[in-house]
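Paired with subunit B in one complex and with subunit C in the other, subunit A is shared by the two complexes that follow.
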Partner chain A sequence: MGRIGALPGVPPLLAGVALLVAWEFAARLIGISGLPPATDALAQLPAILSDPESLLDIAASLRRMAIGFALALVVATPVGLMMGRSRTVAAFFNPLLMVIYPVPKAALMPIIMLWLGVGDASKTLVIFLGVSLPVIYHSYQGSRAVEEKVLWSAAAMGMDAPARLFHIVLPAALPEILIGCRTGLVLALITMVTSEMIARQTGVGNILFNALDMAQYDTVYAMIVIIGILGFLLDFVFERLRLRLVGWAEPAADIIVGTT
Partner chain B sequence: MIDIEAVSKTFETRQGRRHLALTGISLSVADGEFVSILGPSGCGKSTLLYIVGGFVAPSEGVAKVKGKPVTGPGPDRGPVFQEFALFPWKTVLGNVMYGLVQRGVSKVEAQERARELISLVHLTGYESFYPKELSGGMKQRVALARTLAYRPSILLMDEPFGALDAHTRTRLQNDLLDIWERDRKTVLFVTHSVEEAVFLSDRVAVMTRSPGRIKDIVAIDLPRPRLRADLLLDRRYQDYVVGIERLMETPAEEGA
Partner chain C sequence: MSARLATLRDGLVGLIPILLILAVWQAIAVSGIAPRALLPLPGAVGARLIDQLGSPTYLQHAATTLLRLFTGFGIAVALGIALGVAATASRPVEAGLMPLVRVLAPVPKIALYPALVLMLGFEDSSKIALVVADAVFPILLATYHGMRTVEPKLAWVAHAVGVGRLRCTFTVVLPAALPSVLTGCRVALVISCIVVFLAEMIMSTDGLGHLLVRAARNFQTVDMFVPLITISLLGLTLNAGFNALRRRLLTGFPEEQ
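Now for the complex of A and B:
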């Protein structure tokens, strides 16, 4: 047990199985209405994943999420980096961010729908807002923490301030920016689903909440499992990418090669 | 080469108070001369170096390099900082090449020159290592190579060996002198170690504590090339060290 439990991937697998077992027993023993046994919900997965319409819905969700996420990175990163390097820029944006941060972005959905309709634009905008704040915040922190002497070293080589922002501040702050992106990725998934709860046309949330309205609880829970797995896979891929991009920054206490 | 003329620096603290860090500093450094600025911590000696580097503007007075007032940083003055300040996302080779590529040198040529410098600082074999994988002494060797790469005519060294252990510090001092003997760049070297200043320098400018001013400038008349073992036994070296230590202990005579 000890040796098998130490293998990579085994502990999370055990945790997943334990959750399913607990779910199954809870549903069968307590018999809460609206909580189907895990086996019934999982049995719906093949049907959902082989239905072209469901797959199109899922693809539509992921497309909006990708666009919202990408737009947020392109806008939020430069804002955060400039805030970190200029007190004036920080003083300008900081109060604004503090006002927007606690507002649940999905709660803005009805208002945004009045401007942009119920289509992709509204949902993408909500995802964009959800992702932007953590990315701005972490870019700001990362940019602020860049050592002044590192910037001076580049300045002595003849690099001007705008070039330093791109060539020095951006890579130096990248580890922190990517932490913001990881949070942003989770928020993108959350805002993606909630935006579809409010404006139902297509998407993962569309399937989920329509099934809920029709009391098809097996499907509801199957969709929750699918969203969970999507979140897990996105995070897994993102972490791989992150380690490749900022492997140079990981702590390395035990691999120093010399003493002088 | 460097002319510091009546430079003062006042900092504004966060509470709005004014702190006089440097006052009335005048110092000239000749072409090819190795001059140390020696003083206790907090005497503003690093600030003086940053003013010559163009990283900090003086409140009064002017710093001139080759007769022209300093208005900002430039590749004629290469800094080496106590904090190393390497680019952590670049390998050793990438760090040393960086300034050359920035100056418009082709990648191939920059690589070739970077490899020469890496060999000069005894780091051959570590080209593909990242800074996080190196010890402090090795990081400072990379930083020195990175600065030497773009051929500044002046080296501005800000307590470069201050963060290193005694053994590493000695080795780097020896290597720095070796490298310096080859082309005798103008060096302005900030330190709080009397032995280090005497061992390396042609002249030592001794500073007082805050507000920093120059108390005395001592010419170190010891033959070069200097070998540590010979020097430690040399009566004149010992006299310089003891003399400067006494000078640092006596309080500044105001208005004398």
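Now for the complex of A and C:
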């Protein structure tokens, strides 16, 4: 048991199975149509995943998410890095970011749809906004913590400011930036689902609500399981990637689960 | 003196982008590139906001939202801290709970909302449950990490003078982890604010989120901005208020960062 439990991915898997079992029992015990047993919902999974239309919807959602996420990385990382290196840039952006922070980004959907229409552009923009903030924040923190002496040495050896930002600040801040990306990735999925639940044109959120409207509760729960697995897998894969990329910067104590 | 001058300069520099956005908004609205129906004047939105903040019906909707927000947040604080303490204090609880947290934390909780509506109904309880589901994780994780990184010498001293394990957890370790716990709570508070609004937008008949959706259906652009600004201001105020409370509670703690 101890050895199996130590393998990466096994405790979460056990936890997932435990959740499903608990769900199954609760559903059988309560016995309302609003909570079908886990087995009924899971039985819908093959039907959803083999239906080309819903697969296209899911793919479209993921594509928007990827584009929004990538755009946010490209824009937000340099902004955050520059904020960390220049007091004026930080002073310029900080109050604006503070004001934007509590705005529910997905709630901008109806307004943005007035300007950009109901298509991909609005949803991608909303995802972009949702992801940008954590990435800017973590890049800012990361670049602020870069060792000054390294930068001075580089400057003394004749490296100019943009090159310093790219060759020194970026790699040094990478561990922190990737933490921001991890938060951003989860947020991208959340914003994607939420914006689709609010706009209800295409995508994962739309399948979910169509099923709800037609009282296909099994499908509703199956979609929730799919979205849940998607969230967990994206995070899991990104975390593996992050450990591989910046494992050198990881304090040994930060491995929380799977050690017992 | 020059430090104060620099702070003043920073503050003024920070106003530039906000004023710039307002100016561009005003310019586009006035120039007529965008029809007034799509982009109202900032002044009109501001006037409507002040107008609405004096209207009893609007305040009634805001109160509904606030009630859901605080109920959910309160439950999340109690639950999150309790689970965090339990996970730190007991090995079996930790082994059972943390993998669950690890699976559930990155899942978009908003996707659970239809299920919550099916189980708890259309009214307040499903929205409160969603707020709890979203707010509990930051608090739980902050409590757990905060308590685990407390200087072990503090607990050793308590043990040495004969304080029991359980009592030590509550009177030494938990208070020492307070900065981390409160940071988790602050993050969760803003999340609660956002989530309750989104839940009301998706399915509701009252609350600020519903007002936005209703305005969108009736194509009243100005009224779409007003609830959004209200909830954002609410988030800002709560965040600032919580920060003040946090500073108050943490007097005497070594300042982190």
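Observations on the model:
Methods note: the second predicted complex is superposed on the first by the 241 of 260 C-alpha atoms of A that agree within 3 Å, B and C clash if a C-alpha of one lies under 4 Å from a C-alpha of the other, contacts with A are read in each partner's own complex, and residues count from 1 in each chain.
Just so we're on the same page, contacts are C-beta pairs under 8 Å (C-beta built on N, C-alpha and C of every residue); 3 or more make two chains touch, one makes a residue touch a chain.
All values derive from a computational prediction rather than experimental measurement.
When the two complexes are overlaid on their common chain A, residue A:119 makes contact with neither subunit B nor subunit C.
Of the two partner chains placed around the shared chain by superposition, subunit B is the only one that A:168 touches, whereas subunit C remains out of contact.
In the superposition on chain A, A:248 contacts subunit B only, with no contact to subunit C.
By the touch criterion stated above, A:46 is placed in contact with neither subunit B nor subunit C. In the superposed pair of complexes, A:152 makes contact with subunit B only, with no contact to subunit C. More residues of subunit A lie in contact with C than with the other chain of the pair subunit B and subunit C.
Of the residues of subunit A, those at positions 256-257, 260 touch subunit B in one of the two structures and subunit C in the other. Across the interface of their complex, subunit A is touched by residues 9-11, 13-18, 21, 34, 38-39, 91, 94-95, 98-100, 102-104, 106-115, 117-119, 190, 193-194, 197-198, 201-202, 209, 212-213, 216, 221, 224-225, 228, 231-232, 234-236, 239 of subunit C.
On the side of subunit A, the complex with subunit B involves touching residues 147, 149-150, 152-159, 168, 171-172, 174, 246, 248-252, 255-260.
Chain contact summary for the complex, subunit B toward subunit A: residues 53, 55, 72-75, 77-79, 81, 83, 85-89, 98-99, 102-103, 126, 129-135, 137-138, 143, 146-147, 150, 152, 167-168, 171-172. Across the complex, subunit A meets subunit C through its residues 11-12, 14-16, 18-19, 32, 34-35, 87-88, 91-96, 98-99, 101-104, 106-108, 110-111, 114-115, 186, 189-190, 193-194, 197-198, 205, 208-209, 212, 217, 220-221, 223-224, 227-228, 231-232, 234-235, 256-257, 260.
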